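Chain naming follows the written order as A, B, C and D, and within any one chain the residues start at number 1.
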């Protein structure tokens, strides 16, 4: 893994930030939602052209090879303006899997270039929620079963699916318009869609098989989890800025509400949470770039997500409270941030889930020493 | 169970309160501690003469028959001044067991009259703390084994011991100076003592045997737990009063610290916790007086202790913080309250323990319906 | 006519419950949103026929004349069975205002129209610059012949887009030395050219709140309620009962019930960590109810409640929020999904609960304002 | 003499660790109380011989001359191995004060005596009326010929009963227009009739803090440090390094280690509820360390730290308190017991940890004051 210089990261942050701000900044998320489109294809192309989608992918596959630290910078910027494009799932899951399992497949380069959009279907639902088992079957040519919580499927051209095949775990690819494919769409609070997908004898193409698939999945999910944490850091940073601006200008009892000591201390606690969260998530991403073992990567990813969820929930909820009634309206941007924080916290495990995983990983690590 | 009138409770509170205030109020706890005596035998006699020890015991045994609601009033008053006398363990455990198991035994009346002091040894220690099993053996005449966390033993004349006998559970009585008895004393933060006691062929007298023993113990422990909660309510009430007095008078930056909004809101949160705690514990005690089942009594006791521990810990810890540096000195009374809250929270299970028990009891109740 | 206050509490509770069970439409139980009047009109007709539209009003004005104890029971049963409160601003606020401060002519004209819902009322209190600091309001009503001419803007006017009338606090003396002075209560029709209503979309996507703009709107001088320039103290007098109502356990109890249903369906009760948090929340609700009973008993004994009743609102709204957050946690990967989540045969709308809990710590006097009040009026700080 | 700043961080860390492991007395590791000098004198002798008494002082004055990066490593290793800081007021506070603001004569006289611990110093800042509001101090030092005559009272003077000298902030101009003005730094001997020391017993039963009474005590005018009446800004300048030191992770990390040892011994890691709380606390410590590193890196780059460094202290002290409360919970029925609780071969003094954590949110500028500072200086509120 290349050591990325601070200066490169700064340049990356500037260019992605400028691109997103020029595109409309935070307000764009509301516009895209009200236009009833999942995201903006033009911005997607611009992001891809800036190298964003391949930021962590190896250079020989058309990526920038800058590692997770750099991908985290991108994710923070995405979060800062709650950009609706599925950048993190694409970098972390789709490209993350392909760069590990089928680096020669031409679709990897196409995905990095933004020409093909891929979604990944790996989770399944049971009666009480998330299932621990994979029931989806691949018989060598077709796929049968169902997947759930598929992110970014609305605009995807192909879907990568995790299934059980004749030789164990298998990652297959299906076209978004393949036969026997049924989708059920659920809207989320940030206007993004989650898909439940079922397959009945749906033709599918094998990308990889065996233990390497589960190993690649574990790593790709860890990456994505940490990047979701970075996205939360960006988002809660904006919530804090908006809140500080608001309490400095909103007057009640003939003075800015930010001059009341109770409001001041709560703003301080939001600020401290934000600083701790940012420092922890960035440190975790850097540690993942350096890590020797999958276990350590999983541990750091859980650490990052646990912290970022805790901080973002606290900050966005306090932001609403400190905005008072206007915070509860769609007119103010702070609601967009709360709604996106709900989605990002729910995705890939919330704080309690990741605290548990972190401690388990810690103990496994100690036991192995 | 007699329904006690509000007016009777008010009179009881006044008389016990006056007695304790005349004896020295909150400051007495420090004096008794510095005198290196476990408690004040004169006050003990006064309390007994006022009927305090028999407040919940049946009238035919020399008690007042006023139920747990009235005992709760006594416990609140004891807590209010952190009186060092073992009133709650005596009412709840010693008298609570005897009035259920051996109402005819003349020592019950003597205990209510304050002429004989009894401690109860029912818990045992294992490697990780509290044991679930009773290893202490009674062979029909003598006792062998060990007990721990015995409260109020320092001044006791006799000890009631829970053991396994030839016919199951057995409650026996031993003299405090019996042969083969060894004690190990541990000092607690409030200067009270916990005893670990071991027996080797110690002569013991049977008070009761069989299932009635465990049933009586369950009920007596529930009573004591709820009374400990009431004692915590009394003490956290004093911590709140002291803190309010202090922040109204202590000046920094040329005004009382109680005029800073952050301090005000924290005082409000302490106040609200205190009011909820008092209302909940009193309601729980009243419900226990009315309850038809042991399960409901256990549920209400756990509810009371969970709430009172949570509130008292929050209030005493905040009290220290709002007192600033002086709160950390022994000179100020607020430290006495913190130290007693530590002991009462640890005794008979803390908040987390009782939340668990409360929910278990809730579910058992629902399942039984 | 039954003397409701003459029967026992238990009997009254049974009667109320029986009526709701027999007559309240199943499809309207526990409505997740505030209905427009048309949606609940058939229920209102039944309630009106029964004479139960206005439980708190004196019998002479068409109310049930309930004393505090019975009134609390009525509301408890209403909340427990999930009976929608309906468009009750007229009943809860305008009626008591007119009964207490209105002229005979006002009583004769307005009260029957409130009971029949011929007039649907909304409340014009808050303004963009007057939220927590309500006395800062600026909407003016200046006398012009036999009319007041109204100019300004109200905000957070619940369901104004489905109301025929508004009762409002307005500034009638802009030169009063203190901002609490020079404020009056006026009634006005919404159906006139100078009144413009725009709905506000919330972050939950709902449109219950409105902005109301007044541009030389008019209302007859006869629609002034009470003395001119004395509106502020009248408004405070109206709040006394609302203060325990807003701190009642209903919302949190319902949310806890939903949490339990949802968590059982999702198997969360097998998780000791969830069990601990659930028990904590459930005890927060149960113990709040104990404190609520203490205040309710005061009311039942005919005592007036002091400022300390504010603590009920602080506790119950913050508990409600924690419960709604726990529901999100139990939902796991579904925690961001809009609409009911199926467990067994029931759907639990986790996100709707979360949203609904948000503004409870803001409206009705934010919890920060409540803490200021308690600090000053109760703790003497 | 080794050029410590010239070797790599890793090598320096190894050297420091090796010295502590070889030379620091086992029985003094992780001392639960602040020792009197006699108790640690044998260790001080070794440290002095090695030339390591004053890591931060310039080499010319007998220090190690460490740059920020090395200094942090030194302290990290010290804390990690449980090396007692000793009676280091002279090293940490008086030395830097004299080096920065003292005369040549003061440097020549006092600095060697600090290094050798011939003089043991205590710090006279707080007064009964000047805690959070330190500038409110009233102890006066009035010029009388060649002396200052000192009257007043200091409080919370750590280990004053085992000190030979006190450096103190005193009021030299009672008529200054602002209370921050007219304050000076003076050094004084404790060994004189006008100085009376009384220990304060804490609720933990310890006597580390003292009151110091001055009744016409005297000190030569030569013991004024820096300009007269300019003490306040000098005191603030001295704080800059202390502000990261007081927010360093050491205390919380040690407490977490104790919690882990204790909880393993008590089987608490089998309880999922404890596991969740432990993980929460452990992550609070680990993530604080990430933020601490960010500030430490700033120092290492030679940057000055701003007011925002205060957040380290807020976070770490509150985390420390929660960890100490968790220990009490794990102790269960032993949670009120004084003294070490045995788990396996080790004793963990749960109550001592709990007590020790209490004042950390009060001293060094209470966390309320820190929040005021952050609000104003960092958030611009």
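Everything below uses one rule, namely that contacts are C-beta pairs under 8 Å (C-beta built on N, C-alpha and C of every residue); 3 or more make two chains touch, one makes a residue touch a chain.
These numbers come from a predicted model, not from an experiment.
Between the chain pairs A-B and A-D, more C-beta pairs are in contact across A-D.
Farthest chain from chain C (centres taken as the mean of C-alpha atoms): D. Averaging C-alpha coordinates per chain places the centre of chain C 55 Å away from that of chain D. Note: centroid distance chain A to chain B, computed from Cα atoms, is 53 Å.
Between the CA-based centres of chain A and chain D the separation comes to 43 Å, rounded to the whole angstrom. Taking each chain's centre as the average of its CA atoms, chain B and chain D sit 40 Å apart.
Each of the following residues of chain C touches two or more other chains: 272-273, 275-276, 368, 371.
The set of chain A residues that touch two or more partner chains comprises 260-263, 265, 352, 356.
Of all residues in chain C, only 126, 129, 131-133, 136, 155-156, 200-203, 205, 209, 265-267, 273, 321, 325, 328-329, 331-339, 351, 354, 358-359, 361-363, 366, 368, 371 touch chain A in the complex they form. By the touch criterion stated above, chain B contacts chain A in their complex at residues 260-262, 265. Contacts from chain A toward chain C in the complex involve residues 123, 127-130, 149, 186-190, 194, 251-254, 260, 262-263, 313, 317, 320-321, 324-325, 327-331, 335-336, 338-339, 342-350, 352-353, 356. Touching chain A in their complex are the following residues of chain D: 272, 275-276, 278-280, 282-283, 286-288, 290-291, 293-294, 308, 311, 314-315, 368, 371-372, 374-375, 378-381.
The residues of chain A lying in touch with chain D in their complex are 244, 247-248, 258-259, 261, 263-265, 267-269, 271-272, 275-277, 279-280, 282-283, 303, 306-307, 352, 355-356, 358-359, 362.
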